[in-house]
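A short worksheet on the structure shown next.
Each chain gets a letter, A, B, C, D, E and F, in the order it is written, and its residues are counted from 1.
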Amino acid sequence: MDLLSLVHIILPLLIVVAAGFAVLLRDLISCTIALAAMSLLLSLEFYILHAPDVAIAEAGVGACITTAIIILAISMTKREEDER
Amino acid sequence: MQSILTTPSGYWDPLMWLFGLAVAIGFALFIRSLGQKSYNKETDQTKPFISGNPEVSKSESHVKASNLYWGFMESLKSYYSKIMRFHTGNVNDYVLLLVFVIAVMFLIIVLAGVI
Amino acid sequence: MSKRDLVGVISLLILVGFLGLGAASMREFGVVDRAYMDDYIISHSQDEVGANNAVTSVVFDYRGFDTLGEATILFAAVVGVIVIFRREVHE
Amino acid sequence: MSEMSKIVRSISNLLLPFILIYGFYIILHGHLTPGGGFQGGAVVASGLVMVLVAYGSERFASWVKEKHLSVLESIGALGFISLAFLGLSTAFFYNFLAGKGGLFGDIPPEGSNPGALNTAGTLPLMNLAVGLKVIAGLASIVLVMGLASHYFKQGGENDT
Amino acid sequence: MSIDWLLIHSPALIIAVPLFAAFAMPLIKKLGNKTRNGVALATVLLIEILVIMLAKDVFASGARSYVFGAEPGLTLPSGYIVPIRILFHVDGMSAFMAIISATIALVAVIYSLKFMEKETALDRYYLLLLLMMVGMFGMEFTADLFNMFVFLEVLSIASCGLVAYRIHLADAPEGALKFMVISSIGALMVLLATGFLYGQYDALNIAQLAKELQFNFIDKIALVLLLGAFAMKCGSFPMHQWVPDTYSVAPAPISILLVVSTQVSLYALFRVVFTLYGISSNVVVVGWYLIVLGLSTLFIGVTMAIPQKDIKRLISYLGVSQIGYMLIAVGVGFSLFANPVEFEIYGFRAIEGGIFQLINDSMYMGLLFLVSGALYYRIGTRNLDSMGGLARPMKVTSICFLIGSLAIAGIPPFNGFASKFMIYETVYRFNPIISIVAMLVSVLTLAAMVRAFSAAFMGPSLPEFKEVREVPKSMILGMVILASMVVFFGLFPSLIVDNLVEPAVRALISRPSYIISLLGG
Amino acid sequence: MIHNIPYLAVVALVAIGFWAMIFRKNLIKVIIGIAIIESGVNFFLVALGYRSGAYAPIYTHAPSGQMVLPVPQALTLTSIVIGVAVLALMLSLAVQIYKKQGTLDTRKGVLKK
């Protein structure tokens, strides 16, 4: 098992962990940060999969614009999730 | 004729049906014309008589939509209480039902070939 | 745990199980056994379209119509957001 | 969104030109290097979002109007679809400039090479049009939402 | 610009011209309100003419393909066996659906001219309406799975913007958000299925995929995802709850376009079932799945309609139940697909009934929604409890409502009867119980419509509606167009079935000719 | 099996997204769930186009040889932009719902039955 295939195993796991945090955390701002981290990791993974076009798009759109929009929306509503 | 719709065991002709309807209406009008002619408007004949009580106002005598079919709703109360509880209007449930249907279809369609 | 949660968990598990089985029985990751369409693009895009970037030639030439749809979607979304946040609603 | 501290503002001033240059490079070299209209547009728009966050939406709105952005977006979209229409003598989306010589009509040599800007027919023009459209679109989404949050903070019950 | 040239390029032009008009709308706004309305109306009229020309040609001389970015007719690159570019394939069924979409869009624009007059930002309203039309035509014409996903998203985003258009209403954002969540998750399921199929066969073209499909495990997973997503988008039983939420908050002209957009999703479902998978799938299981979905949709839709207090919710639930008829009819036809003898006797007729029901449904549902919009325009409420005695001031409206309710309940001689008659009879041969349930549902539909009619139009004229007058002329025109079509289709059903429905059904069920005309022999 | 880990990660992402959409009562969480599913599907498409030992499909720097498949990358580009458009629309609707109803709880909607 060479380094590249190890990366192909570790990065997806990290992405899944980040997604899990984005769902499980109670504070919505933390969720957004986790989502942005997931986007960045995904963009790294795209780069490793030899898709530089998609990596640039994901980094620009997923990590920046999406985060900005979600944070703007949260600033207009409530930050904490309601109790169950 | 362009109006005749043939089906595997017969046909349907709306123009013929309309003709039949016209004949039936004509017959009904004919029977009606045999009746008594001495019907006068604007007399006591046309006024409603509610066992001597004064006539209620128009907006009160109007049956509102939620009161229509009261008996129907009452007799099917057990069915409707179930079905109304099913319609929650909650986005989570909409997605849940999609996942449920997809899961059931996985079981049916994928396993249908196996078993 | 209510009945709804139980239904949700079970159907989600079934969904994930079947999708996972499908993903596991997919062709192996990194091994492309048939690629007629993509090999045509890789070998012909440079002289047909003249672009060095094969992805761009797919985006704007071979599948340019998808890109038009995508531009339309962004346009519609921007218009939708402006409509939703417009400040006066009656003339 | 209200204004942020002076440090943030000067750093964003410093960074903005680099982001813009990088974004426009990505747009213009879309047919040669990784990138294209969407990616470059997203990068430029993220630069604009940075400025919006640093200076606050009201101040940003006094420089860039939403109606100007919507006209720009419309122009970008019209340019894109017009380029597609121009190929209609053969087919919709026909790349009528490629390989004909003249502007953008060169054919790159086969195989790996640095390439020339003067290739790929309508692709660079489409990249520009889409880039304009994406910049204007994403910026106006963020601008509209930022302005809305500003009015929400002011707390007018009767205005939407 | 000869007729031939126009015909060759018309599949692309039908998409591109409204797109161009929509993109130019923010600039046209500056020329004034009259110009804006005129451009919208002219575009829709032009598209209607183009669609009718194209449909006439397709019905007369077979399907047309269009390749984007290459010489016309060159579906495959020279000397190659797989399609590379995006293809459009307009066969009888696509042309049939396109006629419905174009006609309803024309009526919607005519009706909107007065109905939406008081709202602001109307350039954006017409823009989104044109984009919605583009989405429908794209889904109908395309022969490419990913392109279908793109146009599904165009359709749902444009409709979402329009559903939320009257944002000042208390329930508008909620209805729009529910619609958007549902349609984006459906579209993502379609994309996931596309990914599964692409990974298997390295193709996105429907004909190419249909040619290579082996119906192995992964194909089955993709089939389930596609069926689930499109069944949800067309509002069949367990996933129908978004339909009344969305239809009731949308402006009336948008509600009628939403009806057509659910039918377009139904068309996509039929396309997946008949063309993409066809005989290579397990026809009996898939057919029975459609029948069970249809039956439950029928029954739940109509029973939920009866107690509704909101007139648009009532009509929407009836619309849900009408989708059930089409699912049943087509499911019966599809489950007989592997059995050519029985299929020739009544399976084909069943599908014909379902497709005829589809065009009739768009007409009378459109009529009913327009009438409810007219009521809202004059008295400003959708609540049936606060209506009454409106037949005297609004005579044309009440006659249109009567025609629509009789048609939806399947009373002769209106169009609903003709198609439902075909469905009852063919389904009775397949399984009598289904047919009996369908007839029972028809009776319940009549009951629901009688309730709505008597609550809104009958009764004494109430004092608070003294000032109510008939609605303006352009709204009347929109309603009268649909009402006269309902009557015409009911009086001459054979004309429609022979000239429109039969070519459509022949095109839908002939999977080999779809593949051959795109990929060669 | 072990080499299909990216595909399995996609399934995990879809599952997490569905989990958020079914069991989280906050509208913004539901929307985040959609974004996660979207990312998962994008990842799936790009992973399908990967060919081990190949280069990016750009002639400028790549030595001539095998390249990864370009079509899935183009599809993913389209899908990313669609994702951000949908997200913006849904978030603005959520904001309006909060303004009208004062809550983001999915159980407290006004459209019922």
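Throughout what follows, a residue touches a chain if its C-beta (ideal position, glycine included) is under 8 Å from a C-beta of that chain, and two chains touch if they have at least 3 such contacts.
Fair warning: this is a prediction, and the values are worked out from it, not measured in the lab.
Asker: Just to be sure I understand: the centre of a chain is the mean of its C-alpha atoms, right? Then which chain's centre is nearest the mean of all of them?
Answerer: E
Asker: Name the chain pair with more contacting C-beta pairs, choosing from B-E and E-F.
Answerer: Result: the pair with more contacts is B-E.
Asker: Can you work out the whole-Å distance between the CA centroids of chain C and chain D?
Answerer: Centres of chain C and chain D (C-alpha means) sit 21 Å apart.
Asker: Find the geometric centre of each of chain B and chain F from their Cα atoms only, then give the gap between the two centres in Å, rounded to an integer.
Answerer: The answer is 45 Å.
Asker: List the centre-to-centre spacing of chain A and chain B in whole Å, with centres computed as mean CA coordinates.
Answerer: 53
Asker: What's the distance between the Cα centroids of chain A and chain D, rounded to whole Å?
Answerer: Once rounded, the distance between the two centres reads 23 Å.
Asker: Hey, what residues on chain C touch two or more of the other chains?
Answerer: Within chain C, the residues that touch at least two other chains are 8, 12, 15, 18-19, 26, 29, 32, 35, 37-38, 41, 46, 52-53, 55-57, 59, 61-70, 72-78, 80-82, 84-86, 88-89.
Asker: Multi-chain contacts in chain D: which residues touch at least two other chains?
Answerer: Only 32-36, 38-39, 70, 73, 77, 81, 84, 92-93, 95, 108, 111, 113, 115, 134, 138, 141, 145, 148, 152, 160 qualify.
Asker: Hey, what residues on chain E touch two or more of the other chains?
Answerer: Counting only residues that touch two or more other chains, chain E contributes 19, 23, 68-69, 146, 150, 153, 157, 160-161, 164, 167-168, 173, 177-178, 181, 185, 199, 202, 204, 217, 221, 224, 245.
Asker: Throw together a list of every chain pair that touches.
Answerer: The set of touching chain pairs is A-C, A-D, A-F, B-C, B-E, B-F, C-D, C-E, C-F, D-E, D-F, E-F.
Asker: Where on chain F is chain E touching in the complex?
Answerer: Touching chain E from chain F are residues 14, 21, 27, 30-31, 34, 37-38, 41, 44-45, 48, 69, 71-72, 75, 78-79, 82, 85-86, 89-90, 93-94, 96-97, 100-101, 109-111.
Asker: Which of the residues in chain E come into contact with chain F in the complex?
Answerer: Contacts found on chain E: 146, 150, 153, 157, 160-161, 164, 167, 170-171, 173-178, 180-181, 184-185, 188, 191-192, 195, 198-199, 202, 204, 244-245, 248-249.
Asker: Residue numbers of chain F touching chain A in their complex, please.
Answerer: Interface residues on the chain F side: 2-3, 5-6, 8-9, 12-13, 16-17, 19-20, 24-26, 28-29, 31-33, 35-36, 39-40, 42-43, 46-47, 49-50, 54-58, 67-68, 73, 76-77, 80-81, 83-84, 87-88, 91-92, 94-95, 98-99, 103-105.
Asker: Considering the complex alone, what residue numbers of chain B touch chain C?
Answerer: Residue positions touching the partner: 93, 96, 99-100, 102-104, 106-107, 110.
Asker: Write out the stretch or stretches of chain E touching chain B in their complex.
Answerer: Its residues touching chain B are 177-178, 181-182, 185-186, 189, 217, 220-221, 223-225, 227-228, 231-232, 238-239, 241-242, 245, 282, 285-286, 289, 300, 303-304, 306-307, 309, 345-346, 349, 384-385, 387-389, 412-413, 417-418, 421-422, 425-426, 429, 447, 451-452, 454-456, 459-464, 490-495, 497-498.
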